[in-house]
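One chain, chain A, appears in both complexes that follow, with chain B as partner in the first and chain C in the second.
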Partner chain A sequence: MMHELRLETPRSLAEASRILKETGGKVIAGGTDVIPQMRDGRFEANTLIDLSRLPDLDTIKEEGDFIVIGALANYTSIRQSQLLQETVPMLLEVAGLVGGLQTQNRGTIGGNVVNASPAGDTLPPLLALNAEVVLNNSDGERTIPLSDFLQGPGQTAIAPHELLSEIRFQKPPAGTKSTFLRLGNRRGMVISIVSAATMLLLDGGNKIEEVRIALGAVAPIPIRCPEAEALLQGQVLTEALIEQAAEMTVKAGSPIDDVRGTATYRQHGIKVLVRRGLLKLGGLR
Partner chain B sequence: MTETIGKSLPRIDAYGKVTGETLYPGDIDRPNQAYGKILFARRPHAIIRSLDTSKAQALEGVVAVFTAKDVPVNEYGLIMPDQPVLCGPGSDKPFAERVRFVGDQIALVVAETEEIAAEARDLIEVEFEDLPVVTDPVAACDSDAELLHPDKESNILLHYPIRKGDVEKGFEEADVIIETEYNTPAQEHAYLAPESGLGYIDDEGRVTVEVAGQWAHEEQEEIAHALDLPLDKIRVIHPAIGGAFGGREDLSIQLVLALAAYRLNERGIDRPVKIIWSREESIIGHHKRHPYVIRAKWGATKEGKLVAAKSEVIADAGAYAYTSTKVLGNATLMVSGPYICPNVHVDSYAVYTNHVPGGAFRGFGGPQGAFAAESQMNKLAEVIGMDPVEFRMRNVVRDGDEIAVQSPLPKGVTLDEVIETCAVAGGWQKNGTWGRDGKGTDTNKHIKRGVGFAAGFKNIGFSFGFPERCWATIELHGDSEIEKVVLHHAGSDVGQGAHTVFKQMAAEAVGVDFDKVELLVADTAVTGDSGSSSASRMTFMAGNAIRGAAELALQKWQDEDRPAIAEFNYNPPATTPYDPETGKSEKPNFAYGYVAEVIVVDVDTETGHVHLVDVICANDVGKAINPQQVVGQIEGCVVQAAGYAVLENFIQTGGEVQTAMFSNYLIPTILDIPDRVQSIVIENADEVGPWGVRGMSEMPYIPFAPAVTAAVHDATGVWFDDFPLTPERVLRGLGKF
Partner chain C sequence: MNTMKINLIVNGQSRSVEAPPGKTLLYLLRDDLDLLGTKDGCREGECGACTVLLDGEPVNACLVLAGQVDGREVVTIEGLSQNGHLHPLQRHFVEAGAVQCGFCTPGLIMSSAALLEQNPQPTEEQIRHALVGNLCRCTGYTKVFEAVQHAAEEVDRD
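After this line comes the complex of A and B, so read on.
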């Protein structure tokens, strides 16, 4: 179990890709997932590739109609981003709920995406945003939808020598509201038992122009709720309609029992969070 | 010279702890030290058929591997020696080759580094024969249950009966009867500093252990017993201690550290050995608060008189006895409450299972007993249609009233005043009878507000016949006037501020300024036995010892002794054990603390979250030597009890601990603690306590959980008889699924 561990600190994405290809090492950014995994002996690697010194991969910017978040952007920078506050406030909410301040200063959005935990808190908002991920290797890059990238608990479509460099999504239309809600067994520093990201755009007459609902911790990967979204689309938002949609979202999940909560509690939680999210965004409560 | 007691003087340890200068055991390094790693059983019940350490011994960098055959007297236990120091073959101790819980220790590897020690530990080959795992303390009582200790006749470790009056006749007189089964959970102490420390041979050839503990002289005795060495060949030092809460009452790493130092020295290897447990090792390796099953049947008249209280109490003692006598003893007394009741019938049992041992934890069984008692009181009040404060005031014991053990509490019973003070602060009024208007405003239709009340009492010290003692020595230095006072005292400052209070009491007793007192503390080489820093006893006991020593030293000073040195061993009034047939006891304890709480909660009926809004705690402390510290103890106790009542869910499945990390054993964060805590410090002098001091640091725990469940009932109409009140449990209780 004891072995030498080499630490590589590449200074460019190209160098990082090259080292990754040569060594097949374990990539580390903030270390909030990798270090505990290492301590518990959950992976074996002779080389750690520390991405934290790569330039420009921690920026949050607009590119045309898109918002681009560098994989190395940490939760604190997301929490403090003016751009995200104006466009996707739920990302600020989620960043403020991850761990404590120390974790928020270290943990990166790219790490949360690549770790692909069913309970990863940034994933439902990014799914709701129809986000794409940009993957690099020494030969070039490819962009795929997050929904294709996530394949199972801890499993993604990332190829052995690929690095996640960016997360991109279309800027929601002006007036779009969004919120992230979750249930845990305590108020802070907790892994979600259920989470829900909700986005809503109403026209002047309270009719739904666009709605998106994504859930975390209720299936092997975070999921969208297409049936409920279809039910709501184009309708006038009422409490009765919200109740109907919330009921529908329960069927989207396939939760399990674990040490944090039972499947039954999770199913109940889905309904509560979706209802609360839509009521809040619709100004009905 | 000014008065020093009753003042909120700053803690003498504050500066060092804030700046990081203070060394906790894990921070201390000694030249040439080696590192130890323990092989834990990691299975709940098995016989070790073979143990092969040869590969571990052969690994480069390994200094030694110790197993059961290396322990001179392979047994340990504060109340009875039922646990092997190291489990496995090769010692004289019968059945020592058995492991009985996941944290049983099998071997100690000593190596050049912690990493090598861990690698060598994993090379030890153990062949286990698994035995049936006993997890249900009720089923474990059956005569055909698998025995944890084959040399005992039964898994029932202890049984305390109480018989007073005729409980069946009492039920006949009752207009209402409430019958309930209560289940209280295990709880992890979760102190900041996991177990860590050093074992070495000191300059005078003593086997020395530097660790965090609660009772240095008891640890010294246990080590001497296991190593078969005279007491004066053993030295225990307690450096700064990062919390204890009863979790360091029993021993953890002390015995193996001493064993390693002793055996290495025999082999001519003079190297200190250091052990630091990981959080996971700490959580499986030390005892927990006993889980309890309590079946209570109580009756009262329509007029609000309690007439019968029958309780069956079953404590899950886990694998070994630890301090079950004390924990069960208190629960046996507290399960009938501080109320007048002519007919009482209690049978309480502590039962072996393959769970992590149950042991000392703030309140020592009091919170468990009080949960049943106070819940019964609240339910009876409800069915009679009487306010819960009014119902208590009609039954509360006052001076001269008999409690369940057929004797009155020591004079100076103030619970009636404590209840009234707390109730008034919580919005109650007395208009003929006690009552409270409304329960506050619901936040919205899903978030319901409720208010709950509970009261409690608890003994100071272990007592029930235990020979309590506390030693102090005072030196007075100077010529014409006293220039310096040196206090020797063993009492452990586990973080509660004991040493600051010792210094205040010594200054007061001698009549000098605070700054003139120097302390020599927490080292068996320079102090006598002070007893444990637990059971709310240390300020009470130390104060009397210090006063006694100061009086004698001042006499010698008058007689021109320079320096004037005197020692004093304080023995409080003698106490009596429970009568084995009736539980009758003339004086089970020499002093008590009294407490009452009003708790306001918001219950989210959609998510099941219970939020603590207000806690009002009235605590008769007798005399607050340092009021700031007293309030700190109340607030800390409230936070810990809040975790117990609402949040902390220690899960063991088939004897395996499912929650051995802080990512799945959730303790309160700053977002989870009550919004407001109002500490009401009442000072009615105890007749025996120094300057009137009573003990206080466990009291706020006692009524906390039943006050929370009463508040949740007020909010939702549902009684919760099991806790912690996790969101899932609450929603199930509310019938949401």
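After this line comes the complex of A and C, so read on.
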């Protein structure tokens, strides 16, 4: 099958969109998901459209109040980004945990988003950031919230002739802390059993100005925990309050039993990771 | 069969290969260029046995398409020795007993070579981190970390 494939290597986003429309081909960038899928015959396409030579789509930059990450930014470039280090350190934590260095050198954030795995590690942090995705086709572009983009395991709102070009989110206010924690069988080369992204901004009196909690691998898509966020908002952060919120986040998930862990283990894991995350960000432990 | 001409630099030499663009770099190296040092392990980016350097960065050759390396530079395990002398990493892997069945060794050495290029004096933690994507089922890794440490000491002295 692989030997009948054609490979197109567009040099601009417009050219890529045109080829996609004409051929209905399969888009590939880092290849860390697409090549195993191809080998297993999990998609049918006569044409692969390689985005890896598109210029400027791998940059990480500020645009006004927003941070914009090009879809082709790989995990290594995220891990080394000074801008993200200063504003959203949890994205560096995630990038350093994906696969091994070989994966980090090839895999892209755009690929992780489009692949829409329930356990996709960049997704909980991006949901916590209220990220939006920019989708292009040969006629123009549209921007939609990531929370609308993700629709189910491997299912997204991307139309057949659309390409993901950018991921953007508002820069968190100065002083916002964030962390990404996960449970896996080892530190490297694992798929998360449970993951949690937490963000916290406290005022001088330890009162919560802003809090966001997102979970991965505990539902068909990564999810936010609005009830727990509402409970915490405006309150003074204490260990007792964190315990109560962590307990509440368990109800947000609907985990399943699978080869990596049981639903019961995942429910317990949610509570543990949310508690750990908030204690760490609040400086309580 | 649909093929394309792929021009690349392998171990410092310009090579030109006619190959299907959907073939992986792993098989381009092994089948078309007769470089059998890069090992065919899991074929899905889990084991690291096929690690090579692509423009200086370690990647799994099983997860790169031949068509994606046109115009780029690849270094394999065969490209590390110079003038018939083993690279210090190769020598110290042998001396430390870091090789048992040997299947993972080329990948481990390529990941280690990339590490020492960027960080000539790594800590043990940094060595462990650099080798996270290379699985070895024989050695238990201890001798591997020792070998990299010894090679770093030697490279740093030179």
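Things worth noting here:
Assume the second predicted complex is superposed on the first by the 282 of 285 C-alpha atoms of A that agree within 3 Å, B and C clash if a C-alpha of one lies under 4 Å from a C-alpha of the other, contacts with A are read in each partner's own complex, and residues count from 1 in each chain.
Keep this in mind: contacts are C-beta pairs under 8 Å (C-beta built on N, C-alpha and C of every residue); 3 or more make two chains touch, one makes a residue touch a chain.
Just so you know, these numbers come straight off a predicted model, no measurement behind them.
Of the two partner chains placed by superposition, only chain C is touched by A:M38; chain B is not.
Of the two partner chains, chain C is the only one that A:S52 touches; chain B does not reach it.
In the superposition on chain A, contact of A:L101 is made with chain C only, not with chain B.
Judged by the touch definition given at the top, the superposed model places A:S147 against neither chain B nor chain C. Touch criterion not met for A:S138: it reaches neither chain B nor chain C.
By the touch criterion defined above, A:G188 reaches both chain B and chain C. In the superposition on chain A, A:L7 makes contact with chain C only, while chain B stays out of contact range.
Looking at the shared chain after the overlay, A:Y265 reaches chain B, while chain C stays out of its contact range. Counting contacts by the rule stated earlier, residues 2, 100, 187-189 of chain A appear in both its interface with chain B and its interface with chain C. On the chain B side of its complex with chain A, the touching residues are 115-116, 118-119, 122, 444, 606-608, 647, 649, 651, 658-659, 663-664, 666, 668-672, 726-728, 731, 736-737.
By the touch rule above, chain A contacts chain B in their complex via residues 1-2, 100, 183, 185-191, 193, 259-262, 264-265, 267-269, 272, 276, 285. Listing the residues of chain A that touch chain C in their complex gives 2-7, 9, 28, 30-32, 35-36, 38-39, 48, 50, 52, 76, 99-103, 105-106, 187-189.
Those residues of chain C that touch chain A in the shared complex are 1-2, 4, 20-24, 43-46, 48, 51, 54, 57-60, 62-65, 67-68, 70, 111, 114, 129-135.
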